[in-house]
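Chain nomenclature is as follows: A, B, C and D, assigned in order of appearance, with residue numbering initiated at 1 for each chain independently.
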Amino acid sequence: MADRITDIGPPKYDEMWPQYIKDNYGKWKYHEILEPGVLKHVTEDGFELFTVRCGGTRLMTTLHLEDICKIADQYCDGCFRFTTRNNIEFMVTDTEKLEALKKALDDNGNLPKGGTGACVTNIVHTQGWVHCHTPAIDASGPVKAVMDDLFEYWNSHKLPAQVRISLACCLNMCGAVHCSDIAILGVHRKPPVIEHSHLDKICEIPTAIASCPTAAIKPAKVDDYKSVQVNAERCMFCGNCYTMCPSMPLADAEGDGIALWVGGKVSNSRTMPMFSKLAVPYIPNEPPRWDTTVKTIRTILEAYANGANRYERMGEWINRIGWERFFEVTELEFTEHHIDDYRLAVTTWRNSTQFKF
Amino acid sequence: MAKMHPTPMLDELEKGPWPSFVTDIKRLAEAGKDACADLLGQLELSYKDKEGHWKHGGIVGVLGYGGGVIGRYSDVPDLFPGVEHFHTLRVNQPASKFYKTERLREVMDIWERRGSGMLNMHGSTGDMVLLGAFTEELEPIFAELTAKGWDLGGSGSALRTPACCVGKARCEWACIDTQDICYDLTMEFQDEMHRPAWPYKFKFKVDGCPNGCVASIARSDCSIIGTWKDDIRIDQEAVAAYAAGEICANGGAHGPDTKLDIQADVCDLCPTRCMSYDGKKLYIDNKECTRCMHCINLMPQALRPGTETGASILVGAKAPILEGAQMSSLIIPFIPMEAPYEEFKDFVEKMWDWWDENGKNRERIGELIQRKGLQEFLKAVELEPDPRMVKEPRYNPYIFYQEDEVPGGFERDIKEYRKRHAR
Amino acid sequence: MAKMHPTPMLDELEKGPWPSFVTDIKRLAEAGKDACADLLGQLELSYKDKEGHWKHGGIVGVLGYGGGVIGRYSDVPDLFPGVEHFHTLRVNQPASKFYKTERLREVMDIWERRGSGMLNMHGSTGDMVLLGAFTEELEPIFAELTAKGWDLGGSGSALRTPACCVGKARCEWACIDTQDICYDLTMEFQDEMHRPAWPYKFKFKVDGCPNGCVASIARSDCSIIGTWKDDIRIDQEAVAAYAAGEICANGGAHGPDTKLDIQADVCDLCPTRCMSYDGKKLYIDNKECTRCMHCINLMPQALRPGTETGASILVGAKAPILEGAQMSSLIIPFIPMEAPYEEFKDFVEKMWDWWDENGKNRERIGELIQRKGLQEFLKAVELEPDPRMVKEPRYNPYIFYQEDEVPGGFERDIKEYRKRHAR
Amino acid sequence: MADRITDIGPPKYDEMWPQYIKDNYGKWKYHEILEPGVLKHVTEDGFELFTVRCGGTRLMTTLHLEDICKIADQYCDGCFRFTTRNNIEFMVTDTEKLEALKKALDDNGNLPKGGTGACVTNIVHTQGWVHCHTPAIDASGPVKAVMDDLFEYWNSHKLPAQVRISLACCLNMCGAVHCSDIAILGVHRKPPVIEHSHLDKICEIPTAIASCPTAAIKPAKVDDYKSVQVNAERCMFCGNCYTMCPSMPLADAEGDGIALWVGGKVSNSRTMPMFSKLAVPYIPNEPPRWDTTVKTIRTILEAYANGANRYERMGEWINRIGWERFFEVTELEFTEHHIDDYRLAVTTWRNSTQFKF
């Protein structure tokens, strides 16, 4: 272990910079979106940098990444970057290189330009059935299906403002989708099925019991096995018990599916950041193209596109028109499941005579 | 070429304009990667079953680290032996995710040889995520990575890999050096990242301005968000150019033909209405400004953040499990952020000490503050209460007083009371 | 003249322009009422001690009623024998508190002869509150009151005396007949008012319009608030008169010289921005109106509520004890309110049944709804969920499903599961 | 009991109406405030009714009430009414009678005109030391002192909008003051002193224990008496135990006092109804003239009068300028006690970078 290399941390950021970033660090004055997917940044000295933003799949192979590297080598001095939302950005320093780069990207075919301005940009998402052990849905598949359908909004600027879509494949929300304009969330709807014969060997029973936020799990003896039982009436399918105890799986073809949430944002612009609120409690899993989910998201998006004022985010639009109007214009059903009944529920009730007929 | 499984459903995901991960993975399978072929096979089975097929974790890792590797095994290994083990390695990304291809190829080369060749660019927290390694490859991968200058990120009840927005590298609005802060914290707290020792996970994210492109306010236990104290810089000539339609609105976010209506779009949408426009000049009552970025977003050539910059520090964001989702809450309205960030790190150490001492197993710091009260937290980090910390003061009258706040203390004599009041 | 105590501190409250209760009470003391002299004496002692001097209740009342009388005893009776007993009688006020002097003198006469002569016009709930009777006087007072056509109000875990605003008697905005509703409910539920049989108190208050002058949304378990379904009535001639400054703003609430700026004061302050003014006419997009009353308040001569009137029903307001204060929540967006109010009473009966069955001791209905969930309440009162009931849908993903909502139900076979998924 | 009269209810409302109310019931078209305290209501037929509003003390004697009746007899056909806020309203049907009525009221001296429009109208309040058994403060005294001080705002229209002040003498809030522009609230600050020698005789111990919202009360044996003990750290002085058990009094000269709350409203006009929020956690009881309370209320009121836009209620003004500004302009101290730590506290934290320096 003596010469083992540990705790070296990542490469320092400036090792990854091209010269023009190093030279202009902190000197930027303004930017402009020239066309969907193409940005120009200008420094105080008048230096111009052009960026082309391309859709990334997040889940990719080294082959695809090598394709990207090759383009960066050829046009961008061997440098490029990823954005927080899994997009890929290629940068060039003059318009001639820009045109060549754009052509190379078009030729590639797997690096669509877009994701700037008042658009649907790339969906941030989790692993789904590709890698996760607690998912209620797939991730990459629904993302592909939704982005295919909304492609016209990816590479255009025709929405009132940007729309951030996110996907998390279970309530753990590795993707922290809870502040998105539209959130796609995998949900379970059946209590855990319990493997009594192995539970005591695999799990710590007190930990399993303590894991439940509603105290629905109790110790029980079943067929002479020390195990637990779940009070189904108090189960809200959060899956925390399964995270703590693998003998309590929740996944079920008929139980699992998608909930859609709308109106969240993280930006502090104009209004304070907002949580996304429930729009559709449940849509069945429909692989491979997730048709109902795709269709419902389009319905919500188009209602927003038609109804919102320019610069108004989804949540700001809904707050302006009222939730009663949101359910009317989207023709989504408002059900008892939309009404909060968790710990802060009382703060969501309408303490006013103000409403729209 | 690896043994391909029929994937009629996944093949449907090769259609359409968005890049297809299926097509990409098939290509590497066809180039010989069994893991790719079997991953598609198992995913196809999930599409049929409508259930995932990965087993619950399993403790795997590299020597000396408590995290950075997530164990994963197939629950149908006989059908898909290429993904029997499918462990993940989190590789700490460079701040802001700039890459030189020569450096990135170091990782790609190792991963092509020793792993599945599949990866996430990037995971939700920010790491490069190498998806699918067999147990026996973990140590060699780690050795090769570190030899090339790459290290693993965080997982488990540890500091998670810090992340930041593009910052001063290519954004005119960055009020703080997000990349340096991110890198500095990462280096300073290597031990906290690699050796889980806390009640639960802890995330730093660094946003250069209140637009929050890295979503720190929703996704990090400690959000560092750039802001400024002085006045918004105004270029009145550019204001005139916007008014004349010579510069389009919102940096072109709505197309080049979108003219800005300064009164309607800027002044009337300002949340504090601290702006006015007399047809020639734009005026800002900066004292009333809450630095929301709306006007700056709409007129990037005319308006810029001030120059007395620093950060607002917010604490406690988390996803729903367990107590429900939280956003970060404003704890330090303004703090200077110049290397080596000592004042900030001092705050961090106090925060961690309190959490370490009081947090229950799997209790995020935001939940602990909820349970113990914001007051307790403020005492622990030695900050004075400030109305900026709340949206509004309490409306319930249930105030807890300490005994030393009340003259005469809490001890009273019922006999004395009864002298004044008959039973 | 009764024996007067020195009251140097209270004497300070005889100064100043606001009417002095001290001066008033002194006058009656000087006219011979011991209770008045001793009340001032005991109050002076409280001013000295900075503590109250009344004992905890004591069960007193009138035969056949469980409420309407609040027992009260001095804890310094030797010093102030005139207030040794100081029980309160709540006398049910006439709706909207109009009085004919001849009828009011019936009560005054009884109270002068048999009580302290001090009273509240009115108590917080709305009753006339006769302050300060000896136990032996309670039955005679009750007999004399009822003989004259007056009855007691509610107290304890019972229906409390309903109250209403001035309504159609003298307000142009009353969308419902608040006085008749108040009287009708009072008469219909006499038993519920006089014989406490519930988990805790229950209050009805009736506001004629969303201005809420009787504060029903803050102060009643069931708030009945008048509203309308059709369009706001506009008199465009009066609009022009407002524009010309011929009529002052807000019904003169800011003085007769306050000119209305229709665009700034009305259109721009409309919360839904559903109004527009072209310099001549005022237009309202009534579909977007939330009937907040702002425009009507500002232009009472030009704008009036619509004519298709009824009530919004809100449930659950209460003061802080125990779970914190609540306002009423919208349960029925619109219900016609025409005598005999059967649809409404049907709702009330279902609500009370559910509360009676599920409420814990001293649990207000608003707290019960909090504990059991709004959904449970809606099922009990047989109402469908409506987005108007909430400010916003849930943000937490913790949805409770019933077994019959999920195909295949909740029962599953682990063996079947294990056939698809190895352990 | 056979001929006992019970359950007859109150006199029917129309028995109390003067003829002009009966004739014009439901026919009102508009109203106008002619001067502070004087209203004119007009019907669709053009009938005019004049109302003079006078300040009431709520706590009064039959002598004062007889004075009122006499005026009503002389000028108002023997009719008058009270308002929800304890004001007294005399009505007349022509301007000549109106002038005579106004003069009579002025002559009386104890019936000040006012309480209309953009004013401080009468304070609704509870009993305080005059009748209540759980008060932390007096009621009628502080109300008198505050109204004396704010008299200039009672009979004028110089505020931005109406200001509703309320007082409750303990947390039970019989006056439900929690949605007032300014609320005066009596608060205790010491845990109950326990009379162990009598508690078991006077109270049911389980009821006393169950009464505590924070579970601070436990059974205990003290000096051989079965009694309870209170965990002072968990006591927030709500007094609910004393309500249930007279052997646990809270009242204390040094502990008790006044908290001030601001920005509530019950009207649905413009904004939805709002709770009042904590402005001043504690002011000592200062009988007889409650100087600090009076002074602080004036400070708040004048800051509002100076800062608010016309038509803007106190809470709307504060929301517009921000709470940090409220504490700045009023020079009130913001303390840890202002920060909520009860059950919904998390909803009051500021999840935004938006604030004012």
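The criterion applied here is as follows: a contact is a pair of C-beta atoms (placed from the backbone, for glycine too) under 8 Å apart; a residue touches a chain by one contact, two chains touch by 3 or more.
Since this is a predicted model, take the numbers as computed values, not measurements.
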Result of counting contacting C-beta pairs for C-D and A-C, higher pair: C-D
Which listed pair, A-B, C-D or A-C, duplicates the contacts of B-D in over half of its pairs: A-C
Computed distance of Cα centres, chain C from chain A, in Å: 47
Geometric centre distance via CA averages, chain B-chain A, whole Å: 13
Residue numbers of chain B (touch at least two other chains): 49, 51, 53, 55, 210, 217, 271, 291-292, 320, 324-325, 327, 391, 395-398, 421, 423
Of all residues in chain A, the ones touching two or more other chains: 171, 178, 213, 238, 252, 264, 268, 272-273, 275, 342-344, 346, 350-354
Touching residues (chain side chain A, partner chain C) in the complex: 171, 178, 185, 187, 189-191, 193-196, 198, 213, 232-233, 235-238, 249, 252, 254-255, 259, 261, 264, 275-279, 281, 320-324, 326-327, 334-342, 344-346, 348-357
Of chain D, residues touching chain C in the complex: 1, 4-13, 15-18, 21, 25-26, 28-35, 41, 49, 51, 55-66, 69, 72-73, 78-84, 86, 88, 91, 110-112, 116-118, 124, 126-135, 138, 140-141, 144-145, 147-149, 151, 154, 157-158, 161-162, 168, 171-176, 178-179, 210-211, 213, 238, 240, 242-243, 246, 251-253, 256, 264, 266-271, 273, 275, 285, 287-289, 310-311, 342-344
Complex interface listing, chain D residues touching chain A: 268, 272-273, 343-344, 346-347, 350-354
Residues of chain B that touch chain D when the two form their complex: 210, 217, 225, 227, 229, 271-272, 287-292, 312, 314, 326-330, 333-334, 370, 373-375, 378, 385-401, 403, 405-408, 410, 412-414, 417-418, 421, 423
Of all residues in chain B, those that touch chain C in their complex: 49, 51, 53, 55, 75-77, 320, 324-325, 395-398, 420-423
